[in-house]
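Have a look at these structures, which come just after this line.
Here chain A shows up in two complexes: once beside chain B, once beside chain C.
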Partner chain A sequence: MSISDFLRGSPDGIDVTGPKLIASFEIGGITINLTETVVLSWVIIAAVTLLLLWLTSDLKTKDISKKQVLAEWAVTTIYGLVDDTMGKHWRKFAPYIGGLFTFSILGSLISMLGLRSVTADFNVPLTWALITFVLIHGTNIRTHGLGGYLKGYAEPVPVMLPMNILSEISTPVSMSLRHFGNIVSGMVITSLLYFALSVITKKIGIAFCTIGIPAVLSLYFDLFSGFMQAFIFIMLTMVYISNADGNAEA
Partner chain B sequence: METNNVDYTELSRAIVLGASALGAGTAMIAGIGPGIGEGYAVGKACESIGRQPESSGAVTRTMFIGCAVAESTGIYGLLVALLLMFANPFINKVSG
Partner chain C sequence: MDFLSIDVGTILFTLINTGLIFLAFKLILFKRVDAILEQRQQEVNSTYTKADDALSSASADREKYAKALAGAKDEADEIVKRAERIAQRQGDAIINKARQEAQSAREKASLETEREKAIAWHELQGEISDLAVELAQKIVEKEINKADHERLIDEFLQEIGDEA
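This part shows the complex of A and B:
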């Protein structure tokens, strides 16, 4: 094992690739690829569904159980966050925000189990950003009407039209790239560091580098980064959607 | 003279790889801007929490959003660097 192995990526070394293809089949001329991302997303969806079914079963109004306290805490936290950030009249968005947050945080934290982060696939954050994009423009059209919405592009002066269109398009692009970039950079940096630590261990022969140090690094790159990006994503979603009704509130 | 023994495909691949490594390093200069900007924003947030400790929740939340937005340019630089390192688009342009 030499330094050139480190740079080139030896067979048992760095493996930074896209999500692996698990299965591929064709339905009516359309090829459907089942990647790691899709399968792990299904696992997360199933896990969350089962968890919620368990949490919401057997609800009572008197002498409530511990799991009901947990469920009520989760719901009130999400509703409180939406109320604080968007205002009480936007409460209907709370389920979407809560679902997005749960999926995003579990999708990032699944890397703690040694699997590939769902959010380290650009398709996933892009999908969420496009849903948010549709919600922003749908809210705008609902509050201002189609005419008012289209007029909004020519404000403050009609010369700004291309600029306004560009800034609207850059919203989902920057949101998705931020999430993707943070998670994938954490993944790359941790895999580089793990490889470097294993090389040092092989050189010295005593496994002191691979104990403890990866845990500290994982704390920042997986836990903190994953939680932070999920939080920022839902905060930006809420801010953009509640700003879409313009000065109707002010 | 042994100049005829040079494998020009290998040479051009080497040049492309070296230039890509330099480009990946250069792209990370984009980290300077967000670093300065976020440091300034966090400093200001600390100042305002010191002045009004009761508003620390709202200040912290707003600061994180601002930091996230300021970070985009750095992330774009990082993505360019990652692209050059792990999914180099130029290496396939070298024809044999």
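This part shows the complex of A and C:
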């Protein structure tokens, strides 16, 4: 929907679609689609990179600037979160957690600029969940050995084997669908709301409903939900991986 | 694209993108901030070390000065005592000497007086005998009358007065 549709009231219903296809090419018989999601991800990466470069330029040990306070706060906060959740020996994991959190939150909040949320494309949280999945099992094998890892599926009793496998598979599925579902439902609800408000606008001819009400609801569906899902995703990632760690301190 | 679909291309791109954002965080934010935090920690440590050093050296100095000060006080006391002793001794010597000198002067003076008295007496004796002889001569030489007698006595007295 365009801005003019909001103000005048959309003439034809609403249509919730997936990300737009921008380009498509074939490599070795596999069709690779370059979608809106990927392009917006690049925008986010560029923005984040520039932001980080700006934040970390001209760092000093004394008389620090406000942006350095922010940079140091970000680093120490992420370290604190990783230390608390995973233990100090997982500190090297902090940049991934910080990056994932930022990517997720900005990917969701980009909808506030009128663009399509990156995280409203199922493939994005699915990729993250698959990374987490690989890290979980990688950690498990690394710390328990392959034998110990495989034995873990037959515990506490061998009959649990199918259930354990199912449980492992359901982890990335639930993680990705939770993130996707929350963001996309927010998007759908926001679209429906805009449509409903624009219909009212069309009936009474004054555009007062489309201003104000969406902002308040957007606060929850975009800002709060985006933040919550990003936080839940990184917390689950950390908890699952540290649970798989056989050398855990605690 | 479909609303809900699994797309290999998007997954691959997202994998790369996630890797990129991870690298951006690791190589820009964490690397730089870690370096500055480490540097600051080292500065704090070195500042603390310096402060400790300064503190211990200051307290060592203070002890040294206190000791030196106590030593100086003792020394000063010693000097004063020594000076007092010397002054006492010198004073005693001066007084003794003065006393001895006074004694000897007194003795000398009294000796002189005795001698002069003896000389004077001796001279007086001589003169008296001379006068007596002279008087006797005069008495013998002249006939004695009242007027002469008186004149003679006056002359004698006159002579004695002149002699004295």
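Just so it is clear, the second predicted complex is superposed on the first by the 227 of 250 C-alpha atoms of A that agree within 3 Å, B and C clash if a C-alpha of one lies under 4 Å from a C-alpha of the other, contacts with A are read in each partner's own complex, and residues count from 1 in each chain.
Simple rule for what comes next: contacts are C-beta pairs under 8 Å (C-beta built on N, C-alpha and C of every residue); 3 or more make two chains touch, one makes a residue touch a chain.
The shown structure was predicted, so the numbers you read here are calculated from the model rather than taken from an experiment.
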item: Three-chain arrangement built on chain A, chain B and chain C clash or fit; value: fit
item: Chain B versus chain C as contact partner of A:109, first or second or both or neither; value: neither
item: When both partners are placed on the shared chain, which of chain B and chain C touches more of chain A; value: C
item: First, second, both or neither for A:244, with chain B first and chain C second; value: neither
item: Which of chain B and chain C A:86 touches, first, second, both or neither; value: neither
item: First (chain B), second (chain C), both or neither touched by A:235; value: first
item: Which superposed partner A:187 touches (first chain B, second chain C, both, neither); value: neither
item: First, second, both or neither for A:136, with chain B first and chain C second; value: neither
item: After fitting on chain A: smallest Cα gap, chain B-chain C, Å; value: 7
item: Those residues of chain A which chain B touches in one complex and chain C touches in the other; value: 16-17
item: In the complex, chain C residues that touch chain A; value: 1-15, 17-18, 20-22, 24-26, 28-30, 32-37, 39-40, 43
item: Residue ranges of chain A touching chain C (in the complex, touch as defined); value: 16-21, 30-35, 37-38, 41-42, 44-45, 48-49, 52-53, 55-56, 59-62, 68, 71-72, 74-76, 94-96, 98-100, 102-103, 121-124, 126-128, 130-131, 180
item: Residues of chain A defined as touching chain B within the complex; value: 16-17, 85, 174, 177-178, 181-182, 184-185, 188, 228, 231-232, 235-236, 239
item: Complex contacts: residues of chain B adjacent to chain A; value: 61, 64-65, 68-69, 71-72, 75-76, 78-79, 82, 86
